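Both complexes below contain chain A, partnered by chain B and then by chain C.
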Partner chain A sequence: MTSTLTPVRSKRSALTKGQLPKYAPYAVLAAALVVGAAILALVGFNAFGWGLVSALLFAIGLVSWSAAVEGSRKAKDKLATCLVVGSFLIALLPLISVIWTVLVNGIPGLIAPGFLSTSMNGVTGVYDNRAAEEGAPVIGGIYHALLGTIQITLLATVISVPVGLLTAIYLVEYGNDGRLARAITFFVDVMTGIPSIVAGLFAAAFFFAVVGPGTKTGAVAAVALSVLMIPVVVRSSEEMLKIVPNELREAAYALGVRKWRTIVKVVIPTAISGIASGVTLAIARVIGETAPILVTAGFATSINSNVFSGWMASLPTFIYTQILNPTSPANPDPSSQRAWGAALVLIILVMLLNLGARLIARIFAPKTGR
Partner chain B sequence: MSKRIDVKDLNVYYGDFLAVEDVTINIEAKSVTAFIGPSGCGKSTFLRTLNRMHEVIPGARVEGDVMLDGDNLYGPGVDPVTVRSQIGMVFQRPNPFPTMSIRDNVLAGVKLNNKKISKGEADVLVERSLKGANLWNEVKDRLEKPGSGLSGGQQQRLCIARAIAVEPQVILMDEPCSALDPISTLAIEDLINELKDQYTVVIVTHNMQQAARVSDRTAFFNIAGTGKPGKLIEVDDTHTIFSNPTQKATEDYVSGRFG
Partner chain C sequence: MTATTLTSTQGAGRAGDKIFSGAALAAGCLILAVLFGVALFLVVQAIPALTAPSAEIQGGEGFFAYIWPIVIGTLIAAVIALVIATPIAIGVALFISHFAPRRLAAGLGYVVDLLAAIPSVIYGAWGAAFLAKEISPAYNWLAANMGWLPIFQGPASATGKTILTAGIVLSVMVLPIITSLSREIFLQTPKLHEEAALALGATRWEMIKMSVLPFARPGIISAVMLGLGRALGETMAVALVLSSGALTASLIQSGNQTIAAEIALNFPEASGLKVSTLVAAGLVLFIITLAVNMVARWIISRHKEFSGAN
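The block that comes next holds the complex of A and B.
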């Protein structure tokens, strides 16, 4: 792909000799699509195969044409472009597919009346049978699960952020890369790799030992989630604190400001936008955890607004139980509709959190106006 | 509101590495003292030992005495924070706090230390400091705007205003003009001339003309070779250093015959 900007069209510039015409990629793409469809028609057409074969044909066609006309350097450039764009499309494919599937399956559940404002309390298989057989509206909703997810995640954040942020401050400002700091960094790295179910088992065992056997509450789940969250918060805050220029610390020291005040009033405000978005991403990371919540908070069908007592539902466990143990085993469709609706809500939550992270980063970012 | 500094037999280390060796120098109150010398000879390192900023770097330490009007900065029990509130510093690159407005940057030394100050007093302090740094007229209409929006020269003068707002006895300047254009440099040099009426000023510079223009006394530092410690070769009146130095090395350096 070259752009010839010669004002005189009639005579080809000597400088642009030996280049493919501008329409080359489109021509090759069209040819690849046609030939690909023809080849696929021989073995049985399917869209995925068509895309794959066409992409291969396009790459081969464009690179060899370029090699013939433009020489090997340009051909290598085109090959690299094809590889990069191809990898990008492959990476994007699952994302688009997931979003599409969840949207298609989730919207009927989401728009069902009372989906966001009622719980599953009192919803039995009888109603689902009636919905499936007689076309009655699907009742029951995710209010209890949404409430549970928000409470558990909020509590996990309240636990993780101070611990994680203070750890990061120790590592960056006081650790001096000493033995303790290196040990903390090592264990934080190890914690990053803990399987989430192990975090759940840890929290469950911890509360069994401290409070009593069978303790399953939202708070236990929050502890399990903070085990997963803390390393993420430490890591992201550490990186953000590290990029605060040393000059700012020295400027504060030179004014006779104590170290802890410098950290609280200069270093953290400078890094706060990055820290805040890191925390939000850490929340997004744990909000969809299923296994640790299942073993720590159990699952409930009714609203529980006390995070410190009783079993508590959450969106991931709601999805899990609706799919695995449909409310009416004879007619699982209403349950799966609710599960998809909950999945859509979960994705929307994560998306909102990501948007929130960007917004927070923008609000807190150091101002540069004149 | 200014004090003299007397340094005696000061050795500066980074870990085991001796960076500056055996410096003895007297810095007069209400005067400008310039440190000149080739890169890496320890001028800035030595300057940073004068307000205990040196020890911010892990492993850095000093041996010897630095007396501020007779009080040893490195005496037992001396809090480096107290030292730094008396001996301010301006750095090579302008470093206003990016999260603060111009006004808050000037008040940083007060506000960061949580000292109570009324709005009226704060206004007076901001105006006095910015006027002292020759910046008032340029920024008086945009005090609430971020300090990082100013030009490099204005930012550096903002940093000087910030340093004089805490009313130090001594102001150290580490190559304050090396990142600035000639006009901003001139503004800062004029400012240094005014500052010496009230403060003791110590300035590190690579620019010998600048040293000749602004300073009353000049100290020449040199280094024998890579890995060797930097040394104070000669200190005298600026005029003497540039016209009739006693050391051959000084004469070679100021006349451009070095290496």
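The block that comes next holds the complex of A and C.
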């Protein structure tokens, strides 16, 4: 009413009256950064505290300004937005922190000579003490662990993929949503929730009962990993088989093709990109599992290329033992350098597998003609 | 050509059909057998510990006295993880589904999924080497200022290797699980509900409160329970981060232990009755997580039209 009389208010239309100006968030952000820096300068500056204080000031400032100008409903909306964005930023912190920690600590270990090509055979505390006290190079590497991880994971994949894929085929093509199919679906879902250490204990208990007490080999670990891997393979393959259009199956049947030939020649080739990427993701999930290997394959310091006999090392258990039981208890630094180097290798492996899964899904995706 | 060749090829095809469907059925049944096998073999190996005279069990007071402190420890760690992770996970899921620019949303979802891809042993190493050290001043502050609460009773652990640190690491690990499930459900909110709310003049938050959250409530509950299942069974984060000990109420002193970490720390060197005791502990963990997961799946299947599972 009276607002049209004052020249300043007349610039804004009645529709945008009672709203914060467009520049409001930026202005509040700038003010919050400045005030935050000032507060932190009083108590001792650090980047993390600056970010935290500024974020708090920004939220308080924007919400109270909005409450004053726009009313409580808009202010609540702004508060919710601040909280939601804030929670996303909080979730990013550990991701960045973990990757940064692994990179900074892992690179010295990774570039140490012979890290990828030697095992820990014969590396004793004496060498580590010499490395820590006299600056001698840290010796010992992860070749045995890398070999063990690859063998165990490969064997687990060889076990899980046929079982998982056939189960998915049963659920989609033969199950008809019957009682058995529903039971399998339910228990596959339940199996995804089995703690990894329980899977390890199962494999250990199974082999203790069948082969003999104390049986610890790479094969036992592979069975344990299969228990974790099968449900993942089933779920992803099932999703992929389900989205194969029914017209393709019906066209094959109309040509007189047997059901199993239809599945092998038509359904699976159509879904293969999704299945392959699901399998790759499943491998990425189990390759970093520590607990099941810990209770099934034991620790080894030397190269063991036979999965069916003797203890076997793997990357995750290597990291675990190097941190928890350093080779030289007096000087744990060389051990922790090796552990972080192995962690970097492991993270690179997992990231490559994840990336590979995405590439497979994109490159081999069936042409949809759209 | 002749009828015999036709019938013979048909015969081969029929056999192929039978073999293939039989193999598929066998694979499905194998999965059920494995799950029952898990339960069976754990029970068989655990029986000696359950029936042994109580003096022979570690601690000397029988299996029950051995197991209950670590069951409580497991629950404490899991509850801490969920209390921290649930609100953040719902916030992140809302951010990706309703707040982020549409073009960025898929990429941001992938970034959160990366959290799930990092192996647990690396989280454990990070928690022990980085987080515990960084967070111990905060524990000193809590002990000094909030020490009257039993859970923050001092003196705080100097190394920071406490159950609270382990719980924080666990919360990072369950965050992506809760996030991805909640996100799926938020995205399935009927567009008409959302648009109706907005058309009535609701702000974005009011729209979420009125249409998205009520729709997604059962899904969020089951997502949190699946996160709980993961937090209960997670081994490495606790084994590496926590310096374990007897059951204590204070979260910022060293002490407490979880089932999974107890097994991981002791199983490699165990033999005889000790193996059996640890397998029995694993059986307890299996039963707890199985119950949690089954309830979660049951909630999802009861609200099947809401869930991302179908």
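Rule of thumb we're sticking to: the second predicted complex is superposed on the first by the 295 of 370 C-alpha atoms of A that agree within 3 Å, B and C clash if a C-alpha of one lies under 4 Å from a C-alpha of the other, contacts with A are read in each partner's own complex, and residues count from 1 in each chain.
Convention: a contact is a pair of C-beta atoms (placed from the backbone, for glycine too) under 8 Å apart; a residue touches a chain by one contact, two chains touch by 3 or more.
Only a predicted model underlies this, so the values are computations on that prediction, with no experimental measurement involved.
*Asks:* With both complexes superposed on chain A, which partner does A:I348 reach: first (chain B), second (chain C), both or neither?
*Replies:* In the superposition, A:I348 touches no partner, neither chain B nor chain C.
*Asks:* Is A:R258 in contact with chain B, with chain C, with both, or with neither (first, second, both, neither)?
*Replies:* After superposition on chain A, A:R258 lies in contact with both partners, chain B and chain C.
*Asks:* Mind working out whether A:V126 is in touch with chain B, chain C, both or neither, as first, second, both or neither?
*Replies:* Touch status of A:V126: no partner.
*Asks:* After lining up the shared chain so the two structures overlap, which partner does A:I363 touch, if you call chain B first and chain C second: first, second, both or neither?
*Replies:* Neither partner.
*Asks:* Once the structures are superposed on A, label A:N176 by its partner contacts, choosing first (chain B), second (chain C), both or neither.
*Replies:* Only chain B; A:N176 stays clear of chain C.
*Asks:* For the three-chain arrangement built by superposition, which of chain B and chain C touches the greater number of chain A residues?
*Replies:* Between chain B and chain C, the winner on chain A residue contacts is C.
*Asks:* Please indicate which partner A:T270 is in contact with in the superposed arrangement: first for chain B, second for chain C, both, or neither.
*Replies:* Touch partner of A:T270: chain B, not chain C.
*Asks:* State whether A:V34 touches chain B only (first), chain C only (second), both chains, or neither.
*Replies:* After superposition on chain A, A:V34 lies in contact with neither partner.
*Asks:* Both chain B and chain C touch chain A; at which residues?
*Replies:* The answer is residues 258, 261 of chain A.
*Asks:* Under the definition above, what is the set of chain A residues touching chain B in their complex?
*Replies:* These residues of chain A touch chain B: 176-177, 245, 247-258, 261-262, 265-266, 269-270, 366-370.
*Asks:* Which stretch or stretches of chain C touch chain A in the complex?
*Replies:* 13-14, 16-17, 19-21, 23-32, 34-35, 37-38, 41-42, 44-45, 87-92, 94-96, 99-100, 108, 111-112, 114-115, 117-126, 128-131, 172, 175, 179, 203-206, 208, 226, 229-230, 232-236, 239-240, 260, 263-264, 267-268, 271, 275, 278-279, 282, 285-286, 289-290, 292-294, 296-297, 301, 309
*Asks:* Name, in rising order, each residue of chain B that touches chain A in their complex.
*Replies:* 51, 53, 56, 58, 81-82, 84-86, 88-89, 91, 93, 95-99, 108-109, 111-114, 142, 145-146, 148-150, 159, 162-163, 166
*Asks:* Quick one: which bits of chain A touch chain C in the complex? Just the residue numbers, please.
*Replies:* Chain A residues touching chain C: 73-74, 76-77, 79-81, 83-88, 90-92, 94-95, 97-98, 101-102, 105, 162-167, 169-171, 173-175, 180-181, 183-184, 186-199, 201-202, 204-206, 208-209, 213-214, 227, 230-231, 234, 258-261, 263-264, 284-285, 287-291, 294-295, 298-299, 316, 319-320, 323-324, 336, 339-340, 343, 346-347, 350-351, 354.
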